[in-house]
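Two complexes come next, and they have one chain in common, chain A, joined by chain B in the first and chain C in the second.
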Partner chain A sequence: MTELEAGRAERLAPVRSGAALQRYRDVLIALIAFAVLASLPLFTGSKALLDFVIRCSAYGLFATSLNLLVGYTGLTSFGHGMFFGLGAYSFGLIMQKLGVPIPVAFVATLAITAAVAAVIGAICVRLKEIYFAFVTLAFQMLIHSTILSWASFTGGDQGLRGGIPRPAFLGINLANHVHLYIASCALLVLGLLAMRQIAQSPFGYTLRMIRDNAARASFLGIDVWRAKLTVFVLAALFASMGGMVMALFVSGAYPEFAYWTISGEGIFINMLGGVSTFLGPMVGTVLLLLLNDTVTRFTEYHGIVLGVVILFFALGLRKGLLDFVAEWFAQRRDAGEGR
Partner chain B sequence: MTKTRTPGISRRSTLALMGAGAMSVAAPWVARAQAKTIKIGMPTILSGRVAQLGTSSRNAVMLEVEKVNAAGGLAGRQIEMVIRDSKGQPQEAARVARELVNTDGCELLLDGEASSGSFAVHEVARDLGVLCIHTCSEASSLTADPKQHIPNAFRCVRQGIHDSIVGGSYAASIAKAKGLKKWATCSPDYAYGRDTTGEFTLYLKRFAPDVEVISESWPKLFQPDYTEVVTKILQAKPQALYSCLWGGDLTSYIDQANIYAMFSQMEVFAVNMADYTALTVVKNLPKGIHSGNRYIKTFPTTPENAAWGDAYRAKYNEYPTNWSWQNATAVMFLAEAAKKANSADGKKLAEVLKGLTIKCPFGADGTVTMRGDDHTLVGYAIGWGTTIPQEPYVPEVKAGDWKTIFELEAEWKKSKGYT
Partner chain C sequence: MLEIRNLAKSFGGVKATNDVSLEFPDGSLTAVIGPNGAGKSTFFNLITGALKPDSGQVLLDGVDLAGRSPPEIVRHGIGRAFQVASIFKSLTVQETMLAAVSADQRSSAVLHKRFPLPETRDRAEHVMELLGLASKRHRTAATLSHGDQKLLDIALALVLEPKVLLLDEPTAGMGPEERWRMIDKVRELWETQKITVVFIEHDMDIVFKIAPKIVVLCYGRILATGTPDEIRNNTAVIDAYLGTEHAGAAA
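On to the complex of A and B.
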């Protein structure tokens, strides 16, 4: 063993044994984050702040799930918004037509999403790069057009009307603003924790290997197609959860939820926040929504402002905000070690 | 080089700091002094493809609010409008509406959203219980469907079903007079296009039973090229064509169909033609296109209506749109209701608004009514006429008969299972 190899082995050993420790740390962080978010209504009466967090939950779940594809697997999907829309519509329709308890509708929606994602994924993940991007976009437009033309079932371009019934279950009444807020926070934290576990698991590292060199992964005996399909379905499930939170927030579902612009926003959020860190998309979500909410208060020319911001990130920082911060810390640490 | 500035806090910044301090101490007092004003929130579409309509809604509201404020305000309270862009996205419309009420302290809402956005704002009104007047959504189900009904929401907008009844009976009378039996339709492929065309042909056939639709075309919404649609219609050789294309779609369609001289080969009925946004944009407006009135200052033919159109034009240097008169009417309703209730409280206003009839330049007989049982606008000027290529564009409009509208509307509601 050379000195260099010995040094690496030393570094790797604690990483492996520390995997369980890191999991505990993640759970602890999630618990603290949830406690902080859930106690927010005790300190502030601002409904707008609670609304903001609910929307952050919806978009945050969606954008982070997109990052499982873009950042971790190298699959740039332009059609991820279809699952956001699918979640909102399935959940809304089940609640309106069947009147089942909310948890049943929730699980049924996830099952529907998984089935649809498996079929679409099986076709798409064989393709690479631009072909994958465009075929996912095509499927998104297919779902969007179906929603528009199947007016008797989906309400067409006017969306699901009449409100989504929200009967109380287990003492939770989602028609109550604070209850809805806490439920959204819980879904966000649980969703992020689950995605974090996926990203840090051996499967997550397999995805990174596929991203970096798919041929090599294949030669090592990994079934690349199956791994890609699995992550495609998993990401769809979390996007669908985001859609359900949004459907509950607006008490309806609208074709815009399944339009390509939602996918575009997801990509934009990932560019803003950064794709190389797990929380990058979450930071991007908060940034985008903050920007959107403040800029639209003052001007209707928000497109120009958002355009300038994205130019700044793309040309100025050349990466997302959290990527930039992480890199800056790494450089400082390296400089410190070198001293 | 001499240095004129000394380090530390300059006199200017000290003054600025003191000023800011004084402001922050005084702010609550200033706010209290203004508490007499009433804030009205309005989400509408100010960017994107239909921004022109949203802007014209804002213009009309501000024109009327100025008048109300000059006359003493809403039950003695000056109106302050808070108008925000929703980009035409329902989730944004819902967010903006909630923010207007929860954060900005708006006590009333004017909903300047079209189609899906209006249903999203409707849910916000249901949730927050705030008085909401829809001012732009023509979807009949918004008020006709009892599932949508809430005591605090009203609709001050023309309605698809009313247009179809009047259009159908007008077209039938022309069809009988000129012997137009073979018809074609060409409408945008989404719920509004499909529903409106379906209802129009239903009433056309009811009044003129021997009419036959021999060709249907459904171009995509915002389609740039209509060549295949135009040639398909020309090949079918119909005697008349119905279309509910609107805005930019209608104007590009007419410009492209002009190349094939389509308008000399058949009678054209385009319900959304008589709106200044379409009339003034078409390059060569053909003579004799039949159209429903959207907003036109020659109909109703009253000095009040003409004066209103001119005042709007003088202020904003453009003609009002269909959305303009609807938004203006909503403010007129609020002003009159506040006078009657002697209050600007949402609940009291809602009580008075039910069944309220007001004087209005856009009324068929000089008045319009907020019908009590389904909270929707009736009695507005509605009619059809034919175009000429220059002002006044639609010189004569044949008014629709509200008695027939009411009868057929009741029948339609029954057929839909609404009553």
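On to the complex of A and C.
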């Protein structure tokens, strides 16, 4: 009996410290990533490279938050881009009309996003699969047309013009290109770290259970509707953060930020990078932006090239790039254990 | 004690459950049998909240649970396993157990800590040992054998420490030998865990051998209840379900 208990304790011990270690490891990786990104301006004067990283931050936050829905919960949203647009417009309008400090506008935008996402989510998450996808798409179109038709407030199809004021705060001047770059990297790393925590929390495993078998989850006492609504709102917050980074970067907000093609690009990125690993969407973001930038330089038919690439991933690999790499490593490891 | 009073459910004109009243005393083991379409699964679905009854009561220790949602009913202590193993295919056995305990401890919405929570481990470990799944803890559920998937399904119900455990055909889709192993396990669980177990079963040899009490359903009604001997010799049951051959062989 004591031997059995000893054996049990032995088996449990690594799991217990494992969860804590995993957290420290994630924080360490985040710190290193931030240090590398933040030191980049010391080595290169290339404004294009820094711009590229800023855009990766905006899209990466957006695409990774979409993966919380698609990959972790099995909720394929075709309208997630509405929160990207909402973030950009709310932030831009608050800065233009109210002239409050940037952190205040940042928090206020998150609050607005949470409220809007809670209302839209409460309607959408009752639906399943294709119905959920279509209703999210419908809400996206609703927000887009509101922006277009409410021209006196949003600038209509011209977008928010005249630039977004970027007053300095706490010694950070976002009108300065390097400051903006470092702030974007910081937001990206913090956002990813927070989303990683969500994915690896007990709630994250609740999401996986709902994805695999929602009916069974409810027979374990889980309120499926509430869990789905919670993740819908959380994902919207990070998408909104991405939108704010974008608004700061271009110093404005345009109707395209809220158009359905943004949601489409989010899905595209997730397919490119893969949805079964946490960093898949980040890899997809870099791939898509690289492709976009290089292909548009060579041909005006870049849509065809991107289409062929996505066909290669969808039909050829049948998974995203990082999914493919992760599986390859898993197979190698299993083969190694077999020997 | 689980007490069913005048439970009824119709689909269109079909009375799938028709004025069913039953009592399952604490710690009892009961088999529910009946021909296909007798309303056995519907009966389970009504008790567990998968379906809402048209009328009647489901009383667990005096609390009426009829018409409540599955999460609520589970929390009151009625767990169930499914005819087709209902599991989480991408989670490992251990993750499945830990997540289920989390759900039961109401920590399934916790965001700021890492999974798994330390306080979920002992219970998960205990049930894995109990069902012989401990050695397969790191296997992904989808890669388990059919029998192990059924065990995992039962483990999911059991890890919530229910007062009443409903098993919808625990031996469905199994070969003869595996069937007996499974049903021995069910019997062992019933004996060691001191819980009320109700199971649906098609194999009459199994039913007559292990169930102290049997309920026969037919067209949504209770045809008979009683001990194996009473059921074997009940003329209504022989006519409707068992046929004379089986009764003769048993006699």
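Methods note: the second predicted complex is superposed on the first by the 323 of 339 C-alpha atoms of A that agree within 3 Å, B and C clash if a C-alpha of one lies under 4 Å from a C-alpha of the other, contacts with A are read in each partner's own complex, and residues count from 1 in each chain.
By definition in this document, contacts are C-beta pairs under 8 Å (C-beta built on N, C-alpha and C of every residue); 3 or more make two chains touch, one makes a residue touch a chain.
Values in this document were obtained by computation on a predicted structure and should not be read as measured data.
On the superposed chain A, the positions of chain B and chain C stay apart, so the two partners fit side by side. Residue contacts after overlaying the shared chain place A:148 against chain B, while chain C stays out of touching range. After overlaying the two complexes on the shared chain, residue contacts for A:159 are found with chain B alone; chain C is out of touch. Once the two complexes are laid over each other on the shared chain, residue contacts for A:315 go to neither chain B nor chain C. Between the C-alpha centres of chain B and chain C, as viewed from that of chain A after superposition on chain A, lies an angle of 140 degrees, to the nearest 10.
With both structures placed on the common chain, the touch criterion links A:170 to neither chain B nor chain C.
In the overlay built on the shared chain, the residue A:297 is in contact with chain B alone; chain C does not reach it. By the touch criterion defined above, A:51 reaches chain B but does not reach chain C.
In the superposition on chain A, A:250 makes contact with chain B only, not with chain C.
Between chain B and chain C, the minimal CA-CA distance in the chain A superposition rounds to 34 Å. The interface of chain A with chain B does not overlap its interface with chain C at any residue.
Within the complex formed with chain B, the residues of chain A that make contact are 46-48, 51, 55, 148-149, 151, 155-159, 161-163, 246, 249-252, 254-257, 261, 293, 296-297, 300-303.
Chain B contributes residues 46-47, 51, 84-85, 87, 89-92, 94-96, 98-99, 102-103, 115-116, 119-120, 122-123, 126-127, 139, 141, 145, 147-148, 189-192, 194 to its touches with chain A in the complex. For chain C in complex with chain A, the touching residues are 48, 50, 69-71, 74-75, 79-80, 82, 86-91, 94-95, 98-100, 102-104, 106-118, 121, 125, 129, 156-157, 160. Contacts from chain A toward chain C in the complex involve residues 8, 12, 15-16, 19-20, 22-23, 197-198, 200-206, 208-209, 211-213, 215-223, 226-227, 230.
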